[in-house]
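These are the structures, in structure tokens.
Two complexes follow with chain A in common, the first pairing it with chain B and the second with chain C.
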Partner chain A sequence: MGVFLKKMFYSLIKKELLIEFRSKQIILSMLIFGLAIILIFALSSNVSSEILINYSAGMFWLMSLFIVVIGVHRSFAYEKEFDAFSLLVSAPVDRGLIFLSKWVSGFIFITTTQLIIIIPFFKLLLLDIPADLYLFILTSMLINLGMMAIANLVSGIVIRSNFSEILLPILIFPLLSPLMIAATKISYGIINSQSYEIWNVWVLIVISIVVLFGLAGYALFDFIVEE
Partner chain B sequence: MELFFSIRKNRIFMSFVAIIFFINLLNIIFNTPMIADQHWAQKIFYVHVPSAWVGFLSYFVVMISGFMLFIKNNDNWDNLGLAAAEIGTFFMGIVLITGPIWAKPIWGTFWIWEPRLTTTLILFLFYLGYFMFRSFGGNIERIRRQSAALGIIAFINVPIIFLSVQFWEPEIQSHPQVEMVSQPAGILYPFIFSLISFTLLFILMLRYRSHIIKFKNIL
Partner chain C sequence: MLVVNNIFKSFNRLNILNNICFTQNKGEIIALMGKNGTGKSTLLRIVARIMKADSGIITLNGKDLTSTDSRYRKNMFYIGHEPGLYSFFTPRENLRFLLNIRDLRIKEVLIEEKLDRYGLIDFIDKPIAFFSKGMLQKLKLVQIDLINPDLLLFDEPYSSLDADGVLLVDRLIGEIKIQNKSAILVLHDEQKARKHGDCILKLEHGSISKKNVL
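What follows is the complex of A and B.
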């Protein structure tokens, strides 16, 4: 990446982080929504902790999926105000970098939210915190990269259409289904202290999703946002 | 612009497809052998598998049309992509109906999270969203480009979905799989004929539907 592109990329990231630092809308809304989901999970799952532990990985990723949808939608909704998105795409900026900056900033937002919410998640569900918490967080970060690649790509597509808030989950959920299977399998393996050999295939699937959708997003974003 | 069926070669092609399809139906009902433990349920496969083939072929055409739209910037590629998406979703719907009808007497349950059926369901749901996206409006030029991108990302996701479901729960996929290529000649040849009939029907539907969409856009 050339020096000019690097500067452009850092400026775009700085813009995303600065907006969030000032308003705190995305992380705060993701956090509160996540806590509300945990509350509902805790109250509606009337089973013993031995059974609940089998569902906890799926619940964690279901919660993450919901908060990603509102976070990504909010991130692009900023750009709709005063038609800022049209100004952004008409600026002499590589549009692929706009995608990359949204991807990286989205990854920072979801990871920050998960880091805050992970302890309340296990404690409110009356479950033990995974013994290998660092591995849990590390693999979650990889999965977040995949989720954010897909979510930002689709969000860039639907954001300027009517009813974008409805279209976003309708289009994202089917696309994210393989990633959700992989995420649940990896997290389940870590929570239940399974050996790496049992779930390593899922890590490879997540890596392939990250690479595939990262490249697709970078290549297609130029055409998607063209005026 | 002429109507589709006012063009002579289209009328001839439609008649040809209609005859082939009629022979195919008669062949499936009266000529194909009955399998002892499956009876009439087995005959669904002469419709189910070709429908799945046409469905995936349609979505492949959507992806190619998407790439071509980006390269050539010609609206005809969007018309073709939309037509293929509609036809693909129609045939995927048939797959999702005929699959459970076959599965109930053979596997004892209407639904199994089997890789091919699951991939079909995921694509079917995604394309329902695709049509919603197209119909919710906005700048028509932008919608065309964005739909092309959706078609591309949907298809590149297919191998990942398939692999994920295959690795997912091996124990719930222990039901016997039907591999048509390993079937005896009495089943295999009518099956290949059915596959060709459905492919010809797909070509006719694609030509007709893209013609209609082009006509509608001109009006």
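What follows is the complex of A and C.
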């Protein structure tokens, strides 16, 4: 990456983080919504902890799926407010870098939210915290990369639509399904202390999704953001 | 030189722009006029590559503006109905970001000077979320003044401005002329169009007619 591109990427990332630092709307809304979902899960699942532990990984990623939609929608809503996005895409900016900055900042926001939420999640569901918590967090970060690549790509497609808030979940949920299945298998394996050989194939699938959608987002963002 | 050739654009099978062709020489100011919904803003957004034309070619100094090479847009600046800024940022932060992404190194003191010129210096560190329409319009003028592009695409420069603001726009356009830079201005006032424009392009039923200003 050339010096100019690096500088431009730094400016774009700084912009994303500074807006969030000022508004606190993305992380705060994701946190509140995530905690609300956990509470609903905790209060409505009237089953033993042996059964609940089997569902906990799925619950965690279902919650993450919902909060990603909220976070990404908010992130693009800033761009629409004073039509800042038009000015950004008409500027001499490599549009792929806009995608990368949204991807990286989105990853930071979702990971921060999950790091805050992870302990309440296990505590409120009356479950033991995974023995290998670091591995759980590390794999979650990898999955977050995949989620954010897909979510930002889809957001780029729907941002110009008047129905973006409806189109976003409709398009994101099916596209994220394979990743969510892999995420659940990985997290289930870690929560239940299964050996790596049992779930490593799912890690490879997640890596493939990250690479595929990361590259697709970078290459296609130039075209999909045009009205 | 800007060359717009055979531009077609339709929305829901309704032809908005129908074979639009015109050229703009360096230092020429074009006043783009027409009734509401005739496609003036659409045409400007297509030139700025915010919107994609159904077909047609646009070149600036021989370089294809519809290509993915963002460097070709370096000397061009589009400003639409909205200021294109971030509501949580202050004017200083917005302008700094704008200059950074254009790789323009401009000293802080010049930013302050320009904001002072347009009467916004007292609001330099206040988020623009609470700015009035007129203040946002003046902030657009600051952006143009700082970037000083070779080709300016400005949609309705006089909207929401008070008498002082109108004079500021007049002065800014005058400076563009003096510097021999080009601009396409979407205007509704025929008098202003005659005053500033070297030629008037009138959009009607998707077609364009050219009138040179004497």
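Just so we're on the same page, the second predicted complex is superposed on the first by the 226 of 227 C-alpha atoms of A that agree within 3 Å, B and C clash if a C-alpha of one lies under 4 Å from a C-alpha of the other, contacts with A are read in each partner's own complex, and residues count from 1 in each chain.
Here is the rule we use: a contact is a pair of C-beta atoms (placed from the backbone, for glycine too) under 8 Å apart; a residue touches a chain by one contact, two chains touch by 3 or more.
Keep in mind that what you see is a predicted model, and the values were worked out from it rather than measured.
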First (chain B), second (chain C), both or neither touched by A:Met30: neither
Which of chain B and chain C A:Glu226 touches, first, second, both or neither: both
First (chain B), second (chain C), both or neither touched by A:Ile190: neither
Which of chain B and chain C A:Leu65 touches, first, second, both or neither: neither
Contacts of A:Ala216 with chain B and chain C, given as first, second, both or neither: first
First (chain B), second (chain C), both or neither touched by A:Leu18: second
Touching partner for A:Ser90 - first (chain B), second (chain C), both, neither: second
Partner chain in contact with A:Ile110 - chain B first, chain C second, else both or neither: neither
Which of chain B and chain C A:Met8 touches, first, second, both or neither: second
Interface residues of chain A shared between complexes with chain B and chain C: 223, 226-227
Of all residues in chain A, those that touch chain B in their complex: 150, 153-154, 157-158, 160-163, 166-167, 170-171, 173-175, 177-178, 181-182, 185, 201-202, 205, 208-209, 212-213, 216, 220, 223-224, 226-227
Interfacial residue positions of chain B with respect to chain A in the complex: 70, 122-123, 125-126, 128-130, 132-133, 136-139, 142-143, 145-146, 148-150, 152-154, 156-157, 160-161, 163-165, 167-168
Chain A partner contacts - residues on chain C that touch it in the complex: 45, 48-52, 68, 70-74, 76-89, 93, 97-98, 100-103, 127-128, 136
Contact footprint of chain C on chain A as seen in their complex: 4, 7-8, 11-12, 15, 18-19, 22-23, 78, 81-84, 86-95, 222-223, 226-227
